[in-house]
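The chains carry the letters A, B, C and D, assigned in the order they are written, with residues numbered from 1 in each.
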Amino acid sequence: AAVAGGGAALAAPAAGTPDPNIVPVPDWTKTLGAPVNENPYGKPSVFEKDVVRREVTWLTASSQSSVSFTPLYALDSAITPNGLCFVRHHGGQAEIEPDKYRLMIHGLVDKPLVFTLEDLKRMPGRVNRAYFLECAANSGMEWRGAQLNGCQFTHGMIHNLFYTGVPLKTLLDMAGVNPKGKWVLAEGADAAVMTRSIPLEKAMNDCLVAFGMNGEALRPEQGYPVRLVVPGWEGNMWVKWLRRLKVGDQPWQQREETSKYTDLLADGRSRRFTFVMDAKSVVTSPSPQAPLKHKGPNVLSGIAWSGRGTISRVDVSLDGGRNWTTARIDGPAMPMSMTRFYLDFDWAGQELMVQSRAMDDTGYVQPTKQELRAIRGTNSIYHNNGIQTWLVRSNGETENVEVG
Amino acid sequence: AAVAGGGAALAAPAAGTPDPNIVPVPDWTKTLGAPVNENPYGKPSVFEKDVVRREVTWLTASSQSSVSFTPLYALDSAITPNGLCFVRHHGGQAEIEPDKYRLMIHGLVDKPLVFTLEDLKRMPGRVNRAYFLECAANSGMEWRGAQLNGCQFTHGMIHNLFYTGVPLKTLLDMAGVNPKGKWVLAEGADAAVMTRSIPLEKAMNDCLVAFGMNGEALRPEQGYPVRLVVPGWEGNMWVKWLRRLKVGDQPWQQREETSKYTDLLADGRSRRFTFVMDAKSVVTSPSPQAPLKHKGPNVLSGIAWSGRGTISRVDVSLDGGRNWTTARIDGPAMPMSMTRFYLDFDWAGQELMVQSRAMDDTGYVQPTKQELRAIRGTNSIYHNNGIQTWLVRSNGETENVEVG
Amino acid sequence: DPQPGKPAAKSEKDKTDKARQAVNVAAPAATAPAAAKAISLGRPALQEEIAAWNIDVRADGEGLPPGKGSVKEGEELFLQNCAQCHGEFGEGAGRWPVLAGGRGTLKSERPEKTIGSFWPYASTVYDYVHRAMPFGSNLSLTPDQTYAIVAYLLNLNDLVAEDFVLSKDNFPKVDLPNEANFYDDDRETSEKAFWKKNPCMKDCSGEVHVTARAQILNVTPDGDPPKGNLE
Amino acid sequence: DPQPGKPAAKSEKDKTDKARQAVNVAAPAATAPAAAKAISLGRPALQEEIAAWNIDVRADGEGLPPGKGSVKEGEELFLQNCAQCHGEFGEGAGRWPVLAGGRGTLKSERPEKTIGSFWPYASTVYDYVHRAMPFGSNLSLTPDQTYAIVAYLLNLNDLVAEDFVLSKDNFPKVDLPNEANFYDDDRETSEKAFWKKNPCMKDCSGEVHVTARAQILNVTPDGDPPKGNLE
């Protein structure tokens, strides 16, 4: 990568030679452009066509049980645009006609019920809430060492949206939960018939049955017409195409809470029901897909989140964790919602080892990868929230590394 | 429209006849769906294909100087999804290569400057802020009486986004504003070479030079790569494809602040520089494009906003303004940002005259159309923030009416 | 305080500051860097570059280039470049804008707002015609051509004689008749009634009747989705 | 207070409530209606409808349908329906999942997590195979077929003999070897060290060196945009 010297992105044109993008006046200022309704539903600029979700095809045997990652390196703000939310399916994308959608509640309840989509949309108490959804396997490929060269792949199984929906509590109260009820099984209508056991307490607390994201209907790949929202907890529990909720007195020990989403430790034992996503952060720019291009002023941009509450502080290190500076947190910091942070810095062209460290309002501090491995070993797959290091070379190229 | 009686959207199936959408299990639960990366950039469900921007072709002679409206009736939350933000062009959509983009600052400044897009993205102090953008002509067709049958057309020249950008003050400070400087001319690079004069005080206060919306790059129709953000003020001032900022000691009296965007009153005189958008609200559902379909529980949903500050309260009337109930305000109420409100109500099938009335934290109360007309007459075109009435008939059909 | 634009309490100074009357007074952006002048980004603009883009013309004539043009020349140019949309006499073809006439209609039911009847400054005609017209070929007129077309438009509006020649020099003398009828936003005083302490909540009016219905007009586009990129 | 999920102060009761150990304790949603039971939406679910969707099987055997199947029958069914992906002996073809073997590897560098080596409950095999397999034809196996396939998978994992017949009745007796090695989330105690008062800010370590580099592996997809709907 060629790095421009000095502060100016564009050197002043040679004396007396005006910039050809200013003189003469560009064509787009002299020619009528496209009409107002060329795209009744809009799409990004053609110049942004590489800002897309990407699959790592060697990860899985089938693209219908796979993942496509959010291009975090190209995004800003704390909101993820609907077109770029990462996608994880286990049996492909169910395509459900909204009029044929049904949600069933049964098990340890007084009155088993069936709801239509219209029923949900007519339910008193509709809310809108911003929450992050992170797959528990996010950064899972990095347990044994730096592996994928780009935050789209190392951290791109997260998105942050405003959800429109109804508190799950409302529906459970309508069915009347039996005092013996302690867990809820949530089940999807896709070909994986995805299931997860959720503690009743969480279900009654802040879970939502959601039909909207960022103002419009849920996208098909996010569970159209209805998904479960389980704030702060691992993404696999946010069952898409939600068809069934069953109340029981114990967890179901489903495949996604036994074979998967249990955390194998170095001693051969495994943690189960590790629901909450710990505080975590990553610098999205600079990063391998967003290298530094200029000496002088630069904006370091990143995201932080915690399933335990609100991000209270983020520190950034440019020297691999020896020294830290507290970053500027931008915008409203909402609980269990992604938070954007910035550090404005001047770059003289020296090598950088960029890290970020998130803290939440419970006092939790994002650990280093070494600290994590010391407790968990390297076989956990899930819940890798260790501090990420990007090595910025003097030519601006940026690489996923580990330091010690 | 057929209205389902009683509370249930779906009558319980005849005794012993299970719902055909439950028994047998639907195909989408037994057949693998589309792979995870079918759409590297996602799009809405095929079942939502009528949720699009719409043009009113008789409004203007050319679709390159026209408007396409946000389908508010189908949206929820306070955020507008990027694909559905209303579009207003005066010379079509400029298509600017980001590498060729230039921003010039000159006039009464110490150092006239030219910035590239990279310069702006490297600028210290990047922020993300949610603001509504309302065209001053929103509801302009309704001055003389109810005219268009749907909130997409009566109120659809508004959207609300998180903008990523740099405070305009940062750039002006770099250029060094001369003490005589009192106004800033903002100019676009489109074929309308759109211009507006902005008081320096506003420019130095909260305006942003924005390159992102809802997390991704600005959409082409919103000014890619750079637009001006002028919080709380009329949308025409939020110059798209921003190419030039000039500091001067008086306003420029450009066509968009003389021939247009001045408010003709009944006495033949006209107000000018009516920048701020007064508090306003509208019920988005029920509304003509979102009629009532069921008796029993229903959710009334609407939006409120004020260019003067934060929405503090919204009242709803179901009887044409005789009696009011305070609605439930949802989510974070941010200044100069759209706010969602709800009223859960039971409908017995009687005729309703639905209204909403917004209040902001300056104490401003949204006026009735009669109150507005008493002061301004009916020739103002702009700034029609009068209380909207929807007539819901006993068959659920909903119509744009006026009452007295 | 991370919330933008919170309205601050109003001081006396604010109230007397005319330019601020319509301004949503807010705390200065806390995020702007302290020593902003030290940021080494951007580069000096060259005079030639400024000249290429610096096209705005102000009401006091600032920005007008040297040049001149007569009503006669303007007529010819207008017929060639403008009349197909705006009509031979500025009366507007179809739904394209009307540019002349309309004097005395501003208080009527259907005001006709033209350069002659409504616009406050002739400078705006020069600025806008050069900037944005002809629609489809904007920025194509020379200064002399623009002076001539503006002269013709003034003549069409009965504001100058047929032998008038407009130039940078006599431009300041051209006044438009409606200029005095514009005044700065005064909503905070003229509409003070809209700041109400306790809006009525119960039995606020007598019986309410429908007085106007949009359906009768039947001008709303139908519900079919427009053709587009989703198909 | 419109903010969701604010963590509340921890009470003694909370601390002793096992199920809540990993729960982000939050104030009850203020928005839930007071008299929720009165909402007249939805309708009673019919028993037949519940039966059609109520397919989950629990570790204690709840949910198992009547039926049975032998290892022998299972072998045949597995070879027909499963082996093309999972291998004749559950060893996995290509990158498809491995289902058998791996005993004693859990503490190794490359653990092989199979039904025999890792899964805590046999009920999960029944539930999942019926629910989600064969991939592409899920929900197509009868109870007897499913019992048979589960029996075969247990046999492949050396957990039952070749003449074993699995049924609703003997299912509770089937224990998997790794069951005891699972325990509930204990991060709040075992990782208490991550709650730090004052993380180090200055001179926190000696010299720092790069110890691992992703580039060497070269397994990252290239930067080209995937083919898709934007072209």
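Definition applied: contacts are C-beta pairs under 8 Å (C-beta built on N, C-alpha and C of every residue); 3 or more make two chains touch, one makes a residue touch a chain.
No experiment lies behind these values; they were computed from the predicted model shown.
J.: Between chain B and chain C, what distance separates the C-alpha centroids? Give it in angstrom.
T.: Result: the chain centres lie 21 Å from each other.
J.: On a C-alpha centroid basis, what's the spacing between chain C and chain D, in Å?
T.: Their C-alpha centroids are separated by 64 Å.
J.: In whole angstrom, how far does the Cα centroid of chain B sit from the Cα centroid of chain D?
T.: From the centre of chain B to the centre of chain D is 45 Å.
J.: Give me the residue numbers in chain A that touch at least two other chains, ranges are fine.
T.: As it turns out, chain A has residues touching two or more other chains at 8-10, 19, 22, 29-30, 32, 37-41, 43-44, 46, 52-55, 62, 91, 104, 114, 116, 119, 122-125, 127, 129, 191, 193, 243, 296-297, 330-332, 334, 344.
J.: Residues of chain C that touch two or more other chains: which are they?
T.: As it turns out, chain C has residues touching two or more other chains at 3, 31, 33, 39, 41-44, 49, 53, 135-136, 138-139, 225-226, 228, 230.
J.: If every chain is a node and each touching pair gets an edge, what shape is that graph: line, ring, star, complete or other?
T.: Shape of the chain contacts: other, as it matches none of the listed patterns.
J.: Which chain pairs here would you call touching?
T.: Here the touching chain pairs work out to A-B, A-C, A-D, B-C, B-D.
J.: Could you list, by residue number, the parts of chain A that touch chain C in their complex?
T.: Touching chain C: residues 6-13, 16, 18-19, 22-25, 29-30, 32, 37-41, 43, 296-297, 328-333, 344 of chain A.
J.: Inside the complex, what are the residues of chain C that reach chain B?
T.: 3-7, 19-20, 22-26, 28-29, 31-33, 36-37, 39, 41-45, 49-50, 53-60, 85, 94-96, 106-107, 111, 113, 115, 118-121, 123-124, 127-128, 131-132, 135-136, 138-139, 178, 181-187, 190-191, 193-197, 199-205, 208-215, 217, 219-221, 223-226, 228, 230-231
J.: Considering the complex alone, what residue numbers of chain C touch chain A?
T.: 2-3, 31, 33, 39-44, 46, 48-49, 52-53, 135-140, 225-230
J.: Please give the residue numbers of chain B that touch chain A in the complex, ascending.
T.: Touching chain A: residues 8-10, 19, 21-22, 26, 28-48, 51-55, 62-64, 66-68, 74-85, 87-89, 91-98, 100-102, 104, 114, 116, 118-119, 121-129, 162, 164, 189-191, 193, 212, 214-221, 224-225, 241, 243, 293-294, 296-299, 301, 330-332, 334, 340, 342, 344 of chain B.
J.: Okay, in this complex, where on chain B does chain C touch?
T.: Touching chain C: residues 43-44, 46, 49-50, 52-58, 60-62, 65, 90-91, 104-106, 111-116, 119, 122-125, 127, 129, 131, 145-150, 153, 167, 169-171, 173-174, 176, 182, 185, 187, 191-193, 195, 199, 201-202, 204-206, 231-233, 243-244, 246, 248, 250, 252-255, 258-259, 262, 264, 266-276, 278, 288-289, 307-310, 315, 319-324, 334-336, 353, 357, 359, 361-367, 371, 375, 379, 391, 399-404 of chain B.
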